[in-house]
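Pasting the structures here.
Shared between the two complexes below is subunit A, which pairs with subunit B and subunit C, respectively.
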Partner chain A sequence: MRLLSWPSVTQLLLAPLVIASASEYNDYSENLLLKSLPGNSLLASFRFVSNGTFDSHHSVFPRSLAQILQQSQTKELHLKFTLGRWDAEQWGRQVWDGRTAGGTGVELWAWVDAADDAEADARWTTLNNALSGLFCASLNFIDSTRTIRPVMSFQPAGHHSPEGLERLHLLHGTLPREPVCTENLTPFLKLLPCKGKAGISSLLDGHRLFDAQWQSMSIDVKPVCEEDGKCQLQMEQTKPYAGGDSCFPLSGVTDLPWSLSEMFGRPIRGSCPLAVVPTEEATHVCVNIAEQRSIFVSQGSEERKKSPELRCFILHENIDFDIVLPELSPSTNLLPTTPPVYASRSLTGHGQERGGIQAVLNNPSSNSTVEFVYLESLPWFMKPYLHTLSATISGKDDRNIIQDIYYRPALDRKRGTQLEVRLRVPPGETVLLNYEFDKAVLRYTEYPPDANRGFDIAPAVISILDPASQKSTFSIRTTSLLLSLPTPDFSMPYNVIILTSTVMALAFGSIFNILVRRFVGADEVIGGGLVSKIRGHIMAFAAKRGRAGGDKPKTE
Partner chain B sequence: MSERLGPNVVATIASAASAVAAESKIPPESAASVYRKKKPPPPDTPEGTRTRSLVILSFWIVVITVGLPLWWITTAIYRAPLPLKEMQSWADGRACRAEFPLLIEVEAPTLPDPENLLKTVQHALDDANDFSAHHLRLRLSTNSSQVEDGEESVAATLRLSQGATGSPHSYVLSPSSRAIDLFYSPSYNPTSLSAFVASTLQEIFAEEQQMISYLLASSAPAPSPSPSSGGGNGGNGVKVVNKVNTVEIARKMSRIVKYSPMYHLTFSLFTAAGDPSSWEIKEAVSEYLQPLLDALGGISGFTVDSQIQFYASLSSSVVPTWVPDSEEEGSSGKYSLKKEDLSSFINSAEWPLVSITSYPTINFIIYIPATDQSPLMIPTSSTNAFLLPQWGGVMIHNPPAETDNTHLTKEALKPALDIFATQLLSLLGAPTHPASLPIRLDSLTRQRSAELLVSASSTLGSLYRLTLALPSISIPSSVSTSVSSTLTSLTAACQELRHGRFGDALEEGRNAEEQAEKAFFEKSMVGQVYFPEEHKVAVYLPLMGPVGAPLLMAALKEISRLVRAWKASKLKK
Partner chain C sequence: MSILTSLRSTRILKLLPLVSALCILVGVTWLLLLPLDDYSRRTYISENALLPGQVHTYFGGSEQDVFRAYRHEVTTLGKNASADGSGVMAEKIGDIFDAFGLKVGKQKFEYAAAGGVYAGENVYAVLQAPRGDATEALVLCAAWVNTEGELNESGVALVLALARYLKRWSLWSKDIIFLITSDSRAGPQAWVDAYHDLHAPPAVASLPVKSGAIQGVVVVDYPTSRGFESLHIVYDGINGQLPNLDLINTAVRIASGQMNIRTTLQEMWNHDNRYKDRLCTMLRGMVNQALGHASGPHSSFIPYHIDAITLQAYGDGWHDEVTLGRAVESLFRSLNNLLEHFHQSFFFYLLMAERRFVSIGTYLPSAMLIAVNFTIAAIGLWLKSGRLNDKVEGQSTDGKVSEEKRLLKSAGEAPSSTEQLDAVSEERPLLLSMAFVVAIHFLGFIPLYLFNNLNEKNSAGAFYIFTLLNVVLPPVLCAIFTKSFAPTSLHFTLIKCFSLLLLGMFLSALATLNFSLSFLIGVFASPITFISPTPRRKWTIGAAWMTLLQGLTPTTALVGVALYWGEPLSEILKEAAFGWRVWGMWTQVVVWCVWWPAWIIAGVLVAGSWAVEG
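On to the complex of A and B.
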């Protein structure tokens, strides 16, 4: 099988480098999890963690990113690039509890240290512009209309002091339209100490990676404190990637053979010498496949079996590493794990004026109620009616489903709508969340060059809450939507100028003429003006020609 | 021919003519004969003529008093008034003649007649000086150490004392103070001593003088004081040095990073493999470089950061060649880099060297080659380092093979940081001469003031030319404020220079430069909307054409009628 679904997880972690030189190797670790998914798909999840200091001397933690964080006073950062759709029905729940995957396109949220909202906005802009340059993405287009301040959906993952926490502002921005491609992967690799030249990051090659059905790239930076109060800045870079090949009906019958070099185009080029010295727990590569499947690895690697279904390997420096799995029939799928919620969202309604959104939220569990926050960040030109918001279970309106609503209405051209709804779905039930909206008419210059393609609406974020702590434990994104707005004819302004001018000129001309002209009878006209003179000449000429024509036959 | 046309045709012509009849109220005499059925139109009443004239007049009054101003106001571009004349005179270097009077205090407790010596030396200096803007003034130390407020700073203190018997005149500069210790020979005659003192002082300040004269000359297109115009005496060879060094000075100037009140220093360790993985850069910088940075603090501030980049490869165009030490097979040798390789040594595509600070970054790089390319040498450099003009410095470090290569200690970094300190000074433009650091830093202050003065003036000049060249560009009032602030600062800087208060001059120059840049790079000015003339025609014509034509025709007819009426009344008389 080929890459169907392989998430790769990269994590980077920053910690202060007051440590002795020998222990500095602990500042960086990397590992790769390969997991077979139903439907002959494979999930490859890369994870890189680097630790760095808060001061300005950097080693494994990238200086470029640290400088940006410092310049914008960002204390915690989450940046996600995602492409494709995670098929939860087939593949089950996402790795890392969905924390490392964002919505389609680019999603960014950060806790910025600032005294007030205005300062936070200014720093947020600095952050976006700087990250935009670093990652070659259009993050600078995250302006106030695409920024929201979620209230219930996100909680800081790092350790912040209580007084510091009060000054932190959470800002969240999305770019659903951004295509994620190799130009974003290259800067991502540059942040890694081994730069894709050794270690598991050597598999991350742009040529093959973007063939995947789903892939995500995430960077999470957070401060991590030890119990004695010493703090470190930790950056976690994750890159899950799902790929596969199930284009023929055989897919369900046999497990197709695959190997690392076949899927990624190259084997792993030895281990990265900067990564943590592997131990029993910390291994480089783990493969999660059914117990019956045999596995062949290249020489010079050590195997650690953690469980029958999880086999791990330790790499050595400068020795290529490859994994080969032969074909196996019948198929031996692992049992897919079910996510806490299945979610899908679609546009309803028709016409150019109004529309609606319907989200289908299903709780697959047979015994436990699930509680989550549904977050929508809508552009200002989509004006939802809050009174039409309804949640129904099998056609019946149930007042107990919606627990809480946080709504911040849009301001034209200034900010978008923010809608957070806390829902509780009983076991095995499906909730339909509906609301209607108006489509605004944009100004001529506000349309993109390809206005008829439609406008992308950012994916909804679903954060599953832990019943006890009310903190988010798992997150799911719906797909993005394409909203078509009434599109004008773009030659319109000039037409308008011409038409109004003509009407004005007509009105002016007739009034002016009535006031200035002298009216006489038709037979009282003394001579003609220029026009009548010309007309007279033409008539005379025509008459002359007519006579000449009539004469001709005579002369012959 | 018209007789041959039927009556129907005539009627058609007549009705067609009636539609446009009003266009001409003057009956062409000949036309009357064309139409047979002709009735004269009823005579035009004088009231009718009068009303018509008034109507046309009122239309024109409305157009001129309301329409045109309205059009003008709604389409006008705001251009704040700028002091163009002043700006131009600064740009031409006519507004201020920068002067650099250097005060030198002389302490000569043992000398019998110091005043006389001072006079002779001053004479000799003035005679030899061919660049009058930069001159040395001697003053006998009053021994009273109290410094009045606003007193000009002393550039150097000359301490004259008797040397050992039999020795010639000599002088010593201490590297950490402004004092020049001059030892005169006990068997001296005043002439030889004064000549020696004069040449010593000239030697010490020669480089600075050349730099400043180069700076000022390069700014003003007007003929700069030519070296040949100076007196031919003096006999100290400064002039010869001057000419020889023009190329050298130009080369030096081209290296200098543009002045900024803050610089960001980035120390990067690029290693071709995975080690060394740590270095004591923090300690090394604070020990070896921080004293210099503190000393430079009066001129510019510095922020420092560092990074290690592993697996950093050279760009593919850089291929070191293997040079064996001897002809023997298998002998040791080294990899050497050609001069062309150095210009493309920095692999900017892959090496993350960009900073996001708002002020300029100066990069210092230590490169550790891969083991299969080690030792890597630059044959033309004894220190194995090179300087990239206006950008930073690079040093190639070949760690000794037998040592532990995973960690670079502070001591191992010392040679590199010493080189970087020298490179930093030359990047900032400090003169390489004399040995005394305070004097060099003072020189740097004066040089930077001159540079700021020149660059702020030339920015003003550019702004001046820009506003003249683009009449459709808008000038917001903030630009005008910035320009006037620049002018104030420039004048103040010029004054401070003349009074020898160079620190204040630098401060004013800094402000002038900042304001001038702010004015020139004003956002709303840069973002000028490109609106070509033909588009304007396309927008205006649909309205202006149909409205303007009847108005104009009516006015013309009315005027010609008035003229005829006037002529007729004249004839009657």
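On to the complex of A and C.
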């Protein structure tokens, strides 16, 4: 048995929270959770929390980010970079209730303080452009056509005063096509106090990280008032590993061995000196694995066993830390935890004129109804027909499934469609949510350079609602879709111009000639013939000369 | 004014049949010239991203043992499970896929066509691309039973072995779907319909697992456990649609360049790349295209704008499953490189050798010329119908030369020329002729409905009865028509004119969609241009015409197809009805609603030659 390939999952999460009150309270903590997932995968979830204020000059909270937030009057920010897809059927529910993971590509939403919509839009643009520079991502392409204002799906996570809440505008933008890569990771690491040199962030090496099957990097900034001006920076990374099989299809009977240095290419380089000293509760590294798996750690760390399945460690400065897990046979056979909803989405129909979208939403629970908001942010060139929206359970249309619809139609080239549907799915049932749409024809300059690839449609966001408070408690993203639009042959305009010019030049003249000219017999022409014509001209000229010559003396 | 005047002149009218004949002659000659080096081109890879054969392939070694284990499994399963045991097959293959850690889906389907029921169960597995975002997918497919009805033992085993092998690579940018269909005809259609949610539940079940937009499909057909000699690439889609030429070129280049396997097209097993073999390959391709049927499991994908080919292992040779597996691996590596959907190369082409083709710009004129011949004849008839009396008069006097002169002279003087034109134009009785042509075209729906809905057992009998009816139908129709409406010869001229006009219009439109069908129908229907609508006393000429026409009916063509394939007629009719129901084939519509009415009208015209005068 040897490790052949390294498909793995990573999730990075960065969640700073900010408040403007002038407290000098600054702290930073970091935490790594390693969790075994079914299918011999490992989830590594890094969490970095920085607390700070805007006016502190020696804060662990990154000043670059603070200035941007201040400039754009952003009170709460959520920025997610995601690569790959979370396989809920195999890996179960996401950690942190799915709140730290975004849809494929880049997803950004923020609460911006502004007097009206126009001001909010202007600040939103400022924010996007500044973040674009900070994270080396194309966030500046989140323009009005990619921005929506969700009504039901998101609630502020931080503390806002009631009068401040009045002035807050929620804006949400997605870039499903943005590939997340090392150029986004480097600025991310720079926001951390230890900058990847020590502490758990030393594991964040781009080469290994981006070989993971799934990874997400998120930055969440929110004001926390009770704790008197905290700024929190979180980062979470997950990473599964997969082993090669032997000659016969008997894989999955053993739990494969792994170690930190094998997974990430290096051990943890001691603890970050800037991080707060962990207390009994707070630890640096936690491993969530089956009880019967043995675990070996390098020296210089303290173990805190929180539960049989959760073993945690406190690291010391300047001492490398590694974890080694030997192979275990037979396998512990982990069962995936069940998420509140299984969601998948696909395009239906074919052709370049119209299409449809089908979302399959399954409630795996056997006894409780689940209620959630399904949010679609569609580009303007996809024109859905709301009357075709239907929710069916096992082939039957059920009017009780759709509780509420919020729909904001698209305006051509100005804004996209926003569709929020609140659904209630009975236990154990699968709902098919269908709707149809028309495909618009774009101007030829509006196509991207790889026009024939198609256009990416942002993942739908599913926010599970708490039945009592109607607030979002869990969120899930579907995969993005690839929509093919009628695409012209881009060499065609050139060909057409060449062809029409040639045809015009060659054919028009002669056809026009034939149509207009009158054909007459040679004998019918009075005084026809070239010789007589020339003679006529000469005669006329001579006569003119003669007359002119004759007249001249007269006038003089 | 002047050009119209000259068109109305008798001399040019006389020339028009000659022009029509010339069009047909040039059209056919044009096609025959295409296989020459000067008129066809060498194929080339247009999409740079494909980079065929640029990667090392590693399938082999212990994978061969795994393959053999699976083949053993498949053979045992094929022996035990009879035709109705596809449920067992799906169960077993699904378990194998499941053991690889792939997402498995199964799909039951059932079609009823021509009195028969076609049922089965497809099984497939999705290999999710690591780091992928589920927007694009590739399909590797093998039918449990191939088009010849043989158990595709090595093909299915190869898909299983490759599924296990490709899972280990982390470089896939697109999901790979491994599909085992229970048959070669209905199964792929059911699957691809359901993938796009265009199926008809509950007869065809929905797919439980889906992936992104399918970018390419490769079907493996390897029904023996022996080595093979060459790789036969099948590419015809339903209704004559073709996959992008880049896909075929990539397959050819990888097979012959990288793997050193000889490739063949259109069952031309010994192609020497000379004129005769090239022409033969091209004509076989055209017949397949014209028939518009599914030539393999890949055909069902093509109408969905998914480029697909079938790789068939042919003959006895020294190439083994590892070579084929490596070819498929290399092909998938190339497809994996695709950044955009196949769009660079040609979708309209005729292949005449595996590395030689002509594109639409070169071959289209031949079908267009044949279609245009009908239109020219129709225009000629229209102009002629307007000046019948004048012509008779002109001929009765001192011949056409003097008349020409008179016309030319009069054209010189504007006022008198208009008078002249008024004198020669005549009121045309349009309604009756038009109604007749339209009615005959609607009559075509009867055989269309009949042959698409008849039970398999009765279809051959019905066909013979129909053939007999077909012989007597034109005279009978003509008799009814002459008895009821007492048409003049002008009516017949106009009927022919409208019929040819419609035929020319349909065929020229069809030529851009299905070149081969348009060309073949055009060639078969070309004598119709030359049927003289005016009544003749000589019944021998009429009889000769009738005999010729009877030799060129759609029914004769159907018998010809049966002979070409060497299958009984009932099989062909069954295939046609199946194609109509399951594949959405519309060759029948063209045959019964375009060609057959034109033929009937031609027959009526010939019969009319006796009826009116006699």
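Following the convention adopted for this analysis, the second predicted complex is superposed on the first by the 434 of 556 C-alpha atoms of A that agree within 3 Å, B and C clash if a C-alpha of one lies under 4 Å from a C-alpha of the other, contacts with A are read in each partner's own complex, and residues count from 1 in each chain.
The rule we apply is simple: a residue touches a chain if its C-beta (ideal position, glycine included) is under 8 Å from a C-beta of that chain, and two chains touch if they have at least 3 such contacts.
Just so you know, these numbers come straight off a predicted model, no measurement behind them.
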Once the structures are superposed on A, label A:T479 by its partner contacts, choosing first (subunit B), second (subunit C), both or neither.
second
Would you check which partner chain A:R85 touches, where first means subunit B only, second means subunit C only, and both and neither mean what they say?
second
State whether A:D456 touches subunit B only (first), subunit C only (second), both chains, or neither.
second
Look at A:S346 in the shared chain and tell me whether it touches subunit B only, subunit C only, both, or neither; answer first, second, both or neither.
second
Which of the two partners, first being subunit B and second being subunit C, lies in contact with A:G133: first, second, both, or neither?
first
Given the touch rule stated above, what does A:T104 touch, subunit B (first), subunit C (second), both, or neither?
second
After the superposition on A, what does A:G39 contact: first (subunit B), second (subunit C), both or neither?
second
For A:A198, is the partner it touches subunit B (first), subunit C (second), both, or none of the two (neither)?
first
Between subunit B (first) and subunit C (second), which does A:A212 come into contact with in this model arrangement: first, second, both, or neither?
second
Take the contacts of subunit A with subunit B and those with subunit C, and give the residues found in both.
515, 517-521, 524
Taking the complex as given, what residues does subunit A use to touch subunit B?
21, 24-25, 55-60, 62-64, 67-68, 71, 130, 133, 190, 193-195, 197-198, 272-274, 494, 497-498, 500-502, 504-506, 508-509, 512-513, 515-533, 535-536, 539-540, 543-544, 547
Taking the touch rule as given, give the residues of subunit B at its contact with subunit A in the complex, in rising order.
1-2, 4-5, 9, 13-18, 20-25, 27-28, 30-32, 34, 37-42, 44, 48, 52, 55-56, 59, 266, 273-275, 277-278, 281-282, 303-308, 310-311, 350, 352, 354-357, 406-407, 538-539, 542-543, 545-547, 550-551, 554
Under the definition above, what is the set of subunit A residues touching subunit C in their complex?
4-7, 39, 83-85, 87, 89, 104-105, 210-214, 244-245, 247-252, 344, 346-350, 356, 358, 395, 450-454, 456, 479-482, 484, 487, 514-515, 517-521, 524
Give every residue of subunit C touching subunit A within the complex, in rising order.
1-3, 6, 62, 65-66, 69, 96, 99-101, 103, 128, 130-136, 164, 168-170, 196-198, 201, 210, 212-213, 304-305, 339-341, 343, 408-409, 411-412
